[in-house]
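Take a look at the structures listed below.
One chain, subunit A, links the two complexes that follow: it is found with subunit B in the first and with subunit C in the second.
Now for the complex of A and B:
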């Protein structure tokens, strides 16, 4: 089994996909670092002070002003109200949720890339794992070996898991290293609040507790990894089902982008919450930024993703072992 | 090269699988299993840099509180009188000026009383050299609602309540910051060109008088009249909602306030 996985990893590396992904990340992170740097600068210029309390207070007042506008949607108003309570809570507890530093950047980067960027990167690796063998014809050579089919597929899946983990780790490391040049490398022990939950349109703060940033990051990356594995598994299933890598990519891309759009509509169309793609923003539950939607919680979203993942795995294995290859 | 990198990548990846599994498990435990009931607002000592840091150099700090006028509603440039005031002060003093605009659209006097109880607002007040505010327009006009029923009794009631709140507001500001100059920009009559303008004007004058009276009870609180600014050519200085000032109107207010603030060369208010 190990040698099979080894073999699959070798194939993956030969395709140079991982390098391309690392390059993409290494290119994007400085971009965002610069953008955030600029943002902090302009904010400081506008307020004439770099005191974060003033800035947070200003954000609160801006939110309050937006709330009083008559032209905002109800869902958005609910969300803003929750945001407001949360910001006020941070302020009252004298905690700066945006204290600049590489760990903060890393955390924010992970939070923002969990629903689209990272799944896309994972998709790039997973999309052609099986379909390329089918379209290239190498699948016949592979299956003529005296190894059971499920073992072959399993080795491919394990290779996928390994490379997904590798990508997530690289995102963490690169975003830390690169942004640290600008923001400094400290801030691991910064206290952050988590455990916000939403009931109706009220923010419930009675289970709020403080965790150091390193633990917060570790938890968030665990969730990021979970999402990436789920997306990777679904792509993997499509890769088994379809011979064309382009079709796999197309379908995944369409559903991921559809997810990004649907997220904003779940409040009106409730059954959409059973789609995997609207449940990708797991980190929002940890930070308390989730849109307040009836019945959606961390447990619910993880369960939905797990069900989709397991179903995808079962389908992949059944189809792959039963299929006629010609 | 290939021979070396492959085992390394596999090792790193396997390690990261474990790491992330651990993180995931922790997240599940922390978010779903444990029910934290203890809440510690005792975080004051964890954030070591709590000292008010805003006042480190010689620059002027302006705190703005109040309603949509302080916010700048109606100004196409989005600055409002606060923005123009800052520009003028910058020119006068030649140094940079820090502004904290905490005004909220539609705020009434009782809202401001509540807002002034928040510790961060209090901090901003305490740090300020100059405080500018507008309040009362929404108490009086309630977005035009009061105009339909010019019921003198209920307007009188709200005036009494307004003055009461106003004195609480002045008191709260003075308590936080005994030194700063407070400029309260007064009320004008946006409905001066409409029917029953005599009655509305009388009410506004009445309110302004009462507010100026209470301002006089506090030290360094200046009640700035704006009624006259909008008396003759209200239509030129009002925004298309016929309620808020437009850019020109705000500039007039800003000039009036700026002329009252004296700055020394180094940038400190006298």
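Now for the complex of A and C:
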């Protein structure tokens, strides 16, 4: 099996797919780094002051005032307390929350690319994995060797998993290294809030707690990897079913973009939540940015993606091993 | 010659969308033999070959390679098989060497040294480290054969091996295939839609039409029956009358007469014509066109 995976990785490298992806990331990261840098500058200009400590102190006073009010609900009080601890931590440890370091950039970059950019990159690798062998005719040589068909498909899938892991890793490394030039490389221990959940159609904050940023990033990159594997597997299935790589790309592109549009409509069309493409923004559950929709939680979205992934895998293997090759 | 078939096909059938495309094909290939698979395009040659190499599953019937069933013992059967189905399609973005390495890695029993052996065998050592996208069709064909020979197969299947080659390439390919059969004891199955091709290359031939084998025989025997003589004579009417007394005669397109070839009788007929004062300006033997052969074997219109 290792020699079969070796073959597939060799072909992937020689088709220069991975280089293209690294180039795309290496081009986009500086772009966003610059954009972020500009944003911070404008924000500072608006406030008219460079002294973030004064502003943070003002915010803390604000929070304290709200806490002392008797009319607020218990859980909201809890959330504000956590928020207060966070702000106090920033002040005590001399951290400017508005001027993020490389780890923060890396986290925000991952959060923003999870539903479209990264799936697109994964698609580039997965789309022609099988379809190019069919359209190039090399499938005939591949399937007339003394190797069972399922082993050949499995080696291709393992190569895909390796590439997906590599892409996610490269996004992490490149965004850290490049943005660090501007923002500095510190900030791994910056405390962040997580533990948001949705009950009914409200955001529940009573289990919110702080985690250091490095832990938060690990969690988010795990989710990014999960989403990429799901999108990669679906693309892989289409690549088995269709001969034309362009058709595979077209269908995946259409569904990813449709997903980006549908996400905003799920609150009114509830059953759309079973589509894989509206469940891609897993990191929003961690950061509490998710739209509060009945029944949608981190667990639900991961389950939906898992079901789609497993179904795609089963279809791929059944079709590939049974199919007549012309 | 041992008479255990290297490849045996028995009552092979394939139905696609309730239409029977292959209607019970049977034949056997023996070691050291070049076997021709002759039929027009669409007769079912490629479908049959794809079933033998395991790309298409037969609806019914059995195929064994080296005694192993292609359907139930796939990997064991494939160890004895090397093939090129239709065009020799290899990875254009890899070098010839990398392509061979790629396919060698798929079978653990192939030692590293085998690569050099097959490269030498097909005479490709000079360009083997160039990318396949820079190869000519002839070189791709040779690389394809090198790939097919990697696993030291007992059976080699070549689908239209001379398609797209120039005359020199065709001759080279022919000699190469004959050498493999003679020196390595390989059984080679070659498909073609050209009778002349099969005649020069094969020991035995199966003629296939509309999904059935209509005849299996040695090439010599088949040709002996089907070879014709073309007579250019004048006056044609008188010659026709005389020849008709001896054998069946058909009029050719450009005022020639066509009879069957019979090595003993042709000089006699010729003598008879000359004695009757008819001038014979040309006599030549010719193979029937494939269409003629089919018409004849399927019992359609014939020259008789």
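The criterion applied here is as follows: the second predicted complex is superposed on the first by the 273 of 326 C-alpha atoms of A that agree within 3 Å, B and C clash if a C-alpha of one lies under 4 Å from a C-alpha of the other, contacts with A are read in each partner's own complex, and residues count from 1 in each chain.
The definition used in the following text is that contacts are C-beta pairs under 8 Å (C-beta built on N, C-alpha and C of every residue); 3 or more make two chains touch, one makes a residue touch a chain.
Note that the structure is predicted; figures quoted are calculated from it, not measured.
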Inset, instruction - Check whether A:210 is in contact with subunit B, with subunit C, with both or with neither, and answer first, second, both or neither. - result: first
Inset, instruction - Check whether A:91 is in contact with subunit B, with subunit C, with both or with neither, and answer first, second, both or neither. - result: first
Inset, instruction - Using the touch definition from the top, say if A:137 reaches subunit B (first), subunit C (second), both or neither. - result: second
Inset, instruction - Have a look at where A:271 lands relative to subunit B and subunit C in the superposition and call it first, second, both or neither. - result: neither
Legend entry - If touched residues of subunit A are counted for subunit B and for subunit C, the larger one: B
Inset, instruction - Could you look at A:7 and tell me whether it touches subunit B, subunit C, both or neither (first, second, both, neither)? - result: second
Legend entry - Overlapping contact positions on subunit A, where the subunit C interface meets the subunit B interface: 6, 10
Legend entry - For the subunit A and subunit C complex, residues of the former touching the latter: 3-4, 6-7, 10-11, 14-15, 136-138, 140-148, 322, 324-326
Inset, instruction - Quick one: which bits of subunit A touch subunit B in the complex? Just the residue numbers, please. - result: 5-6, 9-10, 13, 18, 47-49, 51, 53-54, 56-58, 61, 64-65, 68-69, 88, 91-96, 161-163, 165-166, 168-169, 191, 194-195, 205-211, 215, 218-226, 285-286, 298-299, 302
Inset, instruction - Can you check the complex and tell me which residues of subunit C touch subunit A? - result: 50, 53-57, 74-76, 78-79, 81, 83, 85-87, 89-94, 98, 102-103, 105-108, 147, 151
Inset, instruction - Name, in rising order, each residue of subunit B that touches subunit A in their complex. - result: 2, 5-6, 9-10, 12-14, 16-17, 19-28, 30-32, 35-41, 43-44, 46-47, 50, 53-54, 59, 61, 71, 96-106, 118-121, 123-124
